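These are the structures, in structure tokens.
You will see two complexes here that share chain A, one where it goes with chain B and one where it goes with chain C.
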Partner chain A sequence: MKANIVIIGGGISGVSIAYNLAKKGMKDIVVFDDNYMTGGATGRCGAGIRQQWGTLMNCKLAKMSIDFFETAQETLEYHRDVEFKQEGYLVVATTKKEDEISEKNVALQNSVGIPTQKLTPKEALTIVPHLNIDEVVSATFCPTDGHLNPFLMTDAYYQAAKKLGVTFFYEEKVIEIVTKDKQIKKVITEHHEVFTSKVVNVAGGYSREVGLMAGVDIPVFSENHEILVTEPTEKIQGPMVISFSKNIYCQQVPHGSFIMGRSDLQALHNHDIGHTHQFLDEMAKTAVNLLPPLGDLRVVRQWGGSYNITPDRQPIISDTDQCSGYYMGVGFSGHGFMFAPITGILLSEIILEEKPTIDITKLHIDRFKNKNLQSYETNVV
Partner chain B sequence: MSKKDIMICRCEDVSLEDLHNVLNEGFTSIEEIKRILRVGMGACQGNTCNLLVQREVAKFLNIPLSEVKTQKVRPLITGVKLKSILENANES
Partner chain C sequence: MRIKKHPILEFGEQTKIHFTYNGKKMYGYIGDTVASALHALGIRRLSDSIKLKRPRGFYCAIGNCASCNMVVNDVPNVRTCITELEDGMIVKTQEGKGNVYETF
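Moving on, here comes the complex of A and B:
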């Protein structure tokens, strides 16, 4: 088999890149994924989309992605409802320091047209009336943040890419990338040998391993993040409520259930995606403390998934001088779902040697050659 | 009875017609069907619908039922209120 390009990973990043390349006229695009569709981080994520970031780059990536999501349903001509909702993110500050940082972040976000406002605890109550404001110092709110169904959004891209001629193989693992003189020659999977000169690594939690297959050293690691969902209930909460200091994000999705998660600060760097009772205990404490009426909701399911993390917690979207024809969109931490539209646009531009929509020097893998990284994203759970 | 009126999943209101539509689109793994239709994601966690869905997949693919994988079983076994989890966490 021959291909112009092989995309390794059919999560939200892979389907977005495939769609964008095909839309620009590229032929013979092949995608391999060793799992069922959305079996990676995409199907395990919190499904939140926000623009309230602490670095200029993340603000831009998020804003451009939301601009796409706003019309994704029509643009991709998808026959199901992707369950897009824009009822905002309420970011709650509980320490003086957090409050000061949020002041700067609001100015940064406003500078690129993100409509975030700073609120007093009382004002926050008008948006989420059941918020416990005992420890809340201030809050910020961006009304155009929100939620999108990750399974259906992936399917929407997948169906649109298929219509444009992209070939997908799910449940098929890439086991080897053959290179010669730092050039891609061939991709070998469990069932196919594909002659190609280009490969895109969007392998999520396994992106480091897929890098090493072609001798490309990518400075990322993976870490388990746990999450749970409750039974559906009548609508009581519009926005996502998130607090970095309290370590919680919690949103009611259009279906009625609440999705919530938090990070284990002691998480090991590995491929674990299991679930623990410690997470349940800590999640219950944090959620009931900050949003007391949620105590009456029944948890129906819990699971885990991989964050793939770079040293500065911003993604790598680039080619590399380590191997020509090798491209990557990796290291998305807890925000690769919401960045997928721009990931697809930027990588298609890099691959087709077009001028990128925005200056992406700061997303290049080469930034890690310089030890003094400048911007570090701290706005994360 | 029309396929629209035959309920496969009571928790998430999924009919036999919905299921057949997704099978016809090409989704034949239980994990994918679950993520598109929510069968198995509701309060019963698939205890009611899973076998029904498996049977339809087996019929559709014309393979024995035993060859259709079940969905991954995840905790909790039954719904538990967050405040009950909290009370127990505080006890230990």
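Moving on, here comes the complex of A and C:
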């Protein structure tokens, strides 16, 4: 088999890149994924979409992605509602220091057109009436943040890409990338040999391994982040409530269930996606402390998923001098789903050698050659 | 319907207790669950499906499904099949998914 490009990873980033390339007229695009669609990090994510970031690049990526999501269903001509709900993110500061940082972040977000406002604890109560404000110093609220169904959004891109002629192989693992003189020659999978000169690595939790297949050293690691979902109830909470100091994000999805997660600060760097009773215990305590009525709800399911993390917790969207024809959209540090539209647009521009929509030199893998990183994203749970 | 005669088991005299179901006075016996008492009185429709509002009755009887969820003493989403009946309980059919604010 021959292909113009092989995309490794059929999660949200992979389908978005495939769609954008095909829309621009590229033919013979092939996507491989070793799992079922949304079996990786996409289907395991918290389904939140936010623009409240602490670095300029993340703010820009998020804003442009939201702009796409607002009309995604029509643009992709999808037959179902993708459950995009814009009821905001309420970011809660519980320490003085966090309150000061949030002030700077609001100014940064406003500078690129993100409508974030700073709120007092009392004003926060008007948005989430059951919030426990005892420990809340201040809050920030962006009304255009929200929720989106990862399964439907991925399928929407997949269906649109398929209509444009993209070929997908799910449950088919890539075993080897054959290179010669730092040039891509061939991709070997469990069932196919594909002659190609271009490869895109959007393998999520396994992107480091897919890098090494072509001799590309990508400074990312994977870490398990756990999450749970409760039984559904009538709607009581519009926005996602998130606190970096309390280590929690929690939102009520349109179906009525609450989805919530937190980081394990001792998490090991590996491919574990299991779930633990320690998480259940800590998560329940944190959630009930901040949002007391949730204590009455039963947990129906919990699971884990990989965050693929870079040293500055901002994604790598670039080509590389380590191998010609090798491209990557990796290291989203837990936020690949919400950045997917812009990932697809930017990578398709890099691949087709067009001028990128925004200057993305700061997202290039080469930034890590300089040991003094210029910016670090603190707004991560 | 209750089994009164059984080839192996014996059912001694049981203590009657009272509760209300959607405002109506009902009775059961000590040892009943809310759902078993309702079932014995011939009440088959315990809840409605969330989306299409179709009737849901006594189904798994071990607290795994959500078929018997009702509002008991103002608490929504109570699994009545594993909740022991108490004298004076107020049992109501639940509308929708239940509002956690009512108990908060």
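Just so we're on the same page, the second predicted complex is superposed on the first by the 381 of 381 C-alpha atoms of A that agree within 3 Å, B and C clash if a C-alpha of one lies under 4 Å from a C-alpha of the other, contacts with A are read in each partner's own complex, and residues count from 1 in each chain.
Here, contacts are C-beta pairs under 8 Å (C-beta built on N, C-alpha and C of every residue); 3 or more make two chains touch, one makes a residue touch a chain.
A quick note: this is a predicted structure, and the numbers were derived from the prediction, not measured.
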item	value
Room on chain A for both chain B and chain C (clash or fit)	fit
First, second, both or neither for A:Gly256, with chain B first and chain C second	second
Contacts of A:His130 with chain B and chain C, given as first, second, both or neither	second
Which of chain B and chain C A:Val288 touches, first, second, both or neither	first
Which superposed partner A:Leu152 touches (first chain B, second chain C, both, neither)	first
Contacts of A:His275 with chain B and chain C, given as first, second, both or neither	first
First, second, both or neither for A:Tyr36, with chain B first and chain C second	first
A:Leu297 touches, of chain B and chain C: first, second, both or neither?	both
Spatial angle chain C-chain A-chain B, Cα centroids [nearest 10 degrees]	30
First, second, both or neither for A:Thr233, with chain B first and chain C second	second
Winner by number of chain A residues touched, once chain B and chain C are compared	B
Touching partner for A:Leu346 - first (chain B), second (chain C), both, neither	neither
Distance in angstrom between the closest Cα atoms of chain C and chain B, superposition on A	5
Residues of chain A contacting chain B in one complex and chain C in the other	231, 294, 296-298
Chain A contact footprint on chain C (complex, rising order)	50, 66, 75-77, 96-101, 103-104
Chain A - residues contacting chain B, complex	36-39, 43, 80, 151-152, 155, 171, 229-231, 255, 275, 280-285, 287-288, 294-303
Residues of chain B defined as touching chain A within the complex	29, 31-32, 35-36, 38, 41-43, 45, 74-76, 79-83, 85-86, 88-89
Footprint of chain C on chain A - complex, ascending	130, 231-234, 236, 256, 292-294, 296-298
